[in-house]
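In the part that follows, the structures are each spelled out as structure tokens.
Next come two complexes built around chain A: one with chain B, the other with chain C.
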Partner chain A sequence: MRTRLQVPLPSRAPRGFSVVGLLVFVAVVAALAIFPQFVKKPYVLHMGVLLFLAVIQGQAWNVVGGYAGQYSVGHAAYFGVGAYVTMMLLEVNKIAPWWGVWAAMAAAVLLSLVIGSITFRLRGPYFVLASISVAEIIRLATLYFKDFTRGAEGFLLGEIPTMNLFGEEILFIGKRPFYFVGLGLAVVAVAVNWVVQHSKLGYYFQAIREDQDAAHSLGINLSFYKNVALSISAAFTALAGGFYAMFVKFIDPNTVFGLDVSVQIVLLCIIGGIGTIVGPVIGAVVLVPLSEILRNPKGLVQVGVLSADSGFVTFVERYLSNAHLLVYGILVVLVILFAPEGVLGVIRRAAARWGRRPQDVPPTAAAKA
Partner chain B sequence: MAILDIKHVSKFFGGLAANSDVSFSMEQGMIMGLIGPNGAGKTTLFNCITGFYPPSKGEVLFKGVRMNGLQPNQVCHLGMVRTWQKVRPLAKMTVLDNVMVGALARTTSLKVARQVALEQLHVVKLEHKEDFLAGGLPIGERKKLEVARVLATKPELLLLDEVMGGLNPAESEEIIQLILELRKGGLTQMVIEHDMKAIMRISDRIVVLNSGEKLAEGAPQEIVNNKDVVSAYLGEEVE
Partner chain C sequence: MIVFLQSVLSGLLVGGVYALIGIGLTLIFGVMRVTNFAHGELLMLGMYLAWLAFTGLHLDPFLSIVLVAPAMFLWGAFLQKSFVNRVLGALPQNQILLTIGLGLIMSNTVMLIFTSDYRILTTTYSSSSYKLAGLSISQPLLYAFLITVAITGALYWFLLKTDTGQAIRATAQDRDAAQLMGINVRRMSVLAFGIGSALAGTAGALISPTYYIFPQVGSTFTLKAFVIVVLGGMGSVVGATLGGIIIGVAESLSAVYIASGLKELVTFVLFLALLLFKPAGLLGKTRA
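For the complex of A and B:
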């Protein structure tokens, strides 16, 4: 709890349609769509794909964690199911991923209904712990049932079949096709979040987040709406998982079902700003390049930002090569200390201080604090 | 037919009887005052009526429908809704959005809900605060918000749990006028209140609870003159 309330956040829910917001959104998407015409370096496109992947994950978690306030730290379960079902349908049954991913999403929704009906009986930290343990159970089960899942051996992707889109053949070779598919899916994820926020669902989710008993007394069926939130979230997390499997071309239980997958999804939202549409996008923009540079600083050399003998590359490779989780941890501490509403909160606060929307600042709240 | 029938309701927590064998009924359009010393079981009775606790014994009939076993959200959809003694604003949502959440119980359209919410904010005279965050309101306005929010669910029976608690006399008077006006509009209400003057003014009938049991029931004047009630509140006279 912060004891000192600074300029109160003007968090008024958006009314209807913001033309400016839509224009900015279209402009950003258009810029990203023509971007590969100018920059063709694989490292940059690779980072773009990971960015889009993170945006899908963040938007997906945002529905259940951000709006409905149910802090699931077990989203690796849905990510992994999405990855495994898509991959196995392709490798074992020769079903193209753009069909297989629908099955993957359906499987994740079914799983979420089972998990939800059990864990939503719990509130607060107990729910968080239960969500972690369920995901861990699924990871261990995937390792254990080797005959079906190949256990720790994982799956290596042979090749993705050629896609025939309106008579045009699309070969999934190189980073470019993944870049465009990722961008498209990220746009869909953002749009779905917008629709949720601007519907009865969004209001009910937020009411549940703010006060479950009050929400219950106002006619909100808690378990139904929590499960709806989790289902939407699980479906898009599974979509991200399927896309990840096709892009990275190798999955095993630890990389897709691991606890760090769940944690990273949550961090995207916490760092960017929970319960907003822009928040997870900002989180992705901050986190993805950071973790990629820490993992593979040579990429910067390839792009030409750094020279090959730069001390930075050696330093990162020597001391920080596996430290991206550590850096995430430090970031979270900084965000909690200095920007508890995320990066977006800081931006909004600054905007409020410049007096753009004085009518939203309740003087009573300031006086009380 | 009575709109609300409470028949021999008991609620036990372990060995403690928070309510024991409470029975009374309410007619359409009346205001029932529910009073009693602290710990008499008033809020527990509210919880039993609105589905937050299942009664251990007895039954609650609302418009002839058995409420036992229904969830609070189902009770709300049937037309019975309560406020909270300790107010529960949806802190990070605006005042208007808070009331819209109530209104959405009867519609899926945000546009309709917004319209209903604005009307209810007007009823409780809070329309000038529609864009403020609910968490930042002072207590008097939080109580009004609580009332606007339940009114937006279009109830037939309203259960008000100490909506005047913690208010100054001017604010209390506003709430009293609001309750009386709602009755004029035909809304049935059950009111828990500690302010005796207020409860005597607004109630058509009063039920007194003491240690979980119904001590007395009657018109306000009968209650004031009831010896048992006086001794429950003030203690026995020493000879």
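For the complex of A and C:
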């Protein structure tokens, strides 16, 4: 019998196909899909879109950071390229974003191959520093080459053309259409992550994460598979970038290429729990509402949770709205110190403790009684 | 020729301050093998402390370092004891993320207190300069440079000649061996982080008359500090001194001869090239 190359299973080996998991997933997606029928408040839908955006970003980073263990802190490069290519194709060449975003994703993949071939030779802090500096180089270049990129002035979106989907005309006005597009893209991102996790590719990635040298000695081509992971990640990050540009309707080098963007993406995954599908989703669910409420507490008034003259709103607006990243800082410090597996790890541990309790009584003790 | 000399000179003056930032970072890395991504934020705190001393106590920013340095030493020691010390054995990624988190907390807290407005600290000599053989030397930068030289000299003396300094260097060289020789490595770590933080804070106070002061100013300096330290070789104090000067001059030259908007870009390109072709740095031996 021909023996096949065995890759050591990582500590958190993904289980096979789970019917319960799929059912939960379908139920959640269905609930989110009918949600706008009942809640029509723009602020809530806005929050939903930001949540989906964060899920796409998180899932994308998770492929290279979570599974392959390469902590890139330069994902703003792909996010920004996605945003700029989509935006510029629309504004300059009048190409609709649903076509333009493919070009954006292709551009990000090409860029990732260049960046990967440079940075993947480095490890640990050196890799992190290299990934940051590549993103910074792109940000500074975008600021400098004004003739092509309009520099610090950025791009303001005129209007998105009407989409014709199976004879139905879709107008991108208001939050609603973006909510559904965001949901769809987030579902795709989650599905891709699931496929990666359960394919041979995923096992290779995780082998690299657990021990690069061991993986190498087992015949895994390190730079090839790291580059594959990064390209998948870059493509979806660019998708998120293009979606962001269309939703927010304004981009400039500092908001899409800034170090903050990269850091936010990483922290989202770390706080949620990396190397799992649910982790980045949890990270998004925890962080997006928190930082959004801090950034714009007036929304809570609009939704009706708080009254307009509430002291909370004035307090937050006055003191906290500039510092919405504070939540990220505090949570990541807490997570690193007390729960390195993220919020998901905490939930799992709590669930395990709660679920195990009845069986915890040793049978001998029961027999004696 | 005069343009060339002028830009080398101003690069040199700025480079002195860069060296101070780099030495702090390299000391922390050398002793603890922790890459401190909050280093720029420590510098930012130093800037704000100097600004507070200037507006509140009417204290000259160059004199205020006698307050800023000890305050930042205590703050750094506190950060080490309560946070960084807990992740010394953890994965390098987790150490980096912890310090990124601490940096975010610092910059956002400062933003809460002082808002994100740009502050300017204007002294009577902020825009004056000395003329020497056709070259102009900015007064605040010259003072900053001279103080930097004095501090660096004192630090070299401390590290080379005193018992504590030698203990710090021994810990950096081989933590386990140092511990076996009876050195209290935990104390040395606290000390190193305190000194690193004090140096960053002092550098912040020294550049406060010439830079805008705002909460997010730190991240630029964090990156710059890493470029400096990697250039000289992670952990090497002499390397960081040299690296600071080189980066200062390189920035100044590329601002004049390439484009001022591209000076930082040039630095990062050099940095990437260095990481690829000589990752141990100019004076480093190991890749940690």
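List of remarks:
The definition used in the following text is that the second predicted complex is superposed on the first by the 340 of 369 C-alpha atoms of A that agree within 3 Å, B and C clash if a C-alpha of one lies under 4 Å from a C-alpha of the other, contacts with A are read in each partner's own complex, and residues count from 1 in each chain.
Everything that follows uses one rule, which is that a residue touches a chain if its C-beta (ideal position, glycine included) is under 8 Å from a C-beta of that chain, and two chains touch if they have at least 3 such contacts.
Model, not experiment: these values are computed from the prediction.
Once chain A of one complex is fitted onto chain A of the other, the partner contacts of A:Leu325 are limited to chain C, with no touch recorded for chain B. Chain A is touched at more residues by one of its partners, and among chain B and chain C that partner is C.
Once the two complexes are overlaid on the shared chain, A:Leu23 sits clear of chain B and of chain C alike. Using the contact criterion defined above for the overlaid structures, shared-chain residue A:Ala141 touches chain C, although it does not reach chain B. Judged by the touch definition given at the top, the superposed model places A:Val39 against neither chain B nor chain C. Of the two partner chains placed by superposition, only chain C is touched by A:Tyr126; chain B is not.
Judged by the touch definition given at the top, the superposed model places A:Pro340 against chain C, while chain B stays out of reach. Contacts of A:Val266 after superposition: chain C is touched, whereas chain B is not reached. By the touch criterion defined above, A:Asp211 lies against chain B but remains apart from chain C after alignment on the C-alpha atoms of chain A.
Annotation: chain A has no residue touching chain B in one complex and chain C in the other.
In the complex of the two chains, the chain C residues touching chain A come out as 35, 83, 86-87, 90, 92-94, 96-98, 100-105, 107-109, 111-112, 115-116, 219, 223, 226-227, 230, 259, 261-262, 264-265, 268-269, 271-272, 275-276, 279, 287-288. Residues of chain A that touch chain B in their complex: 8-9, 11-13, 198-200, 203-204, 206-207, 209-211, 213-222, 359-360, 362, 364-366, 368.
Across the interface of their complex, chain C is touched by residues 71, 73, 118, 121-122, 124-126, 128-130, 132-134, 136-137, 140-141, 143-144, 259, 263, 266-267, 270, 319-320, 322-326, 328-333, 336-337, 340 of chain A.
Residues of chain B touching chain A in their complex: 50, 52, 71-73, 76-77, 81-82, 84, 88-94, 97, 100-102, 104-105, 108, 110, 113, 129, 131-133, 135-138, 141, 149-150, 153.
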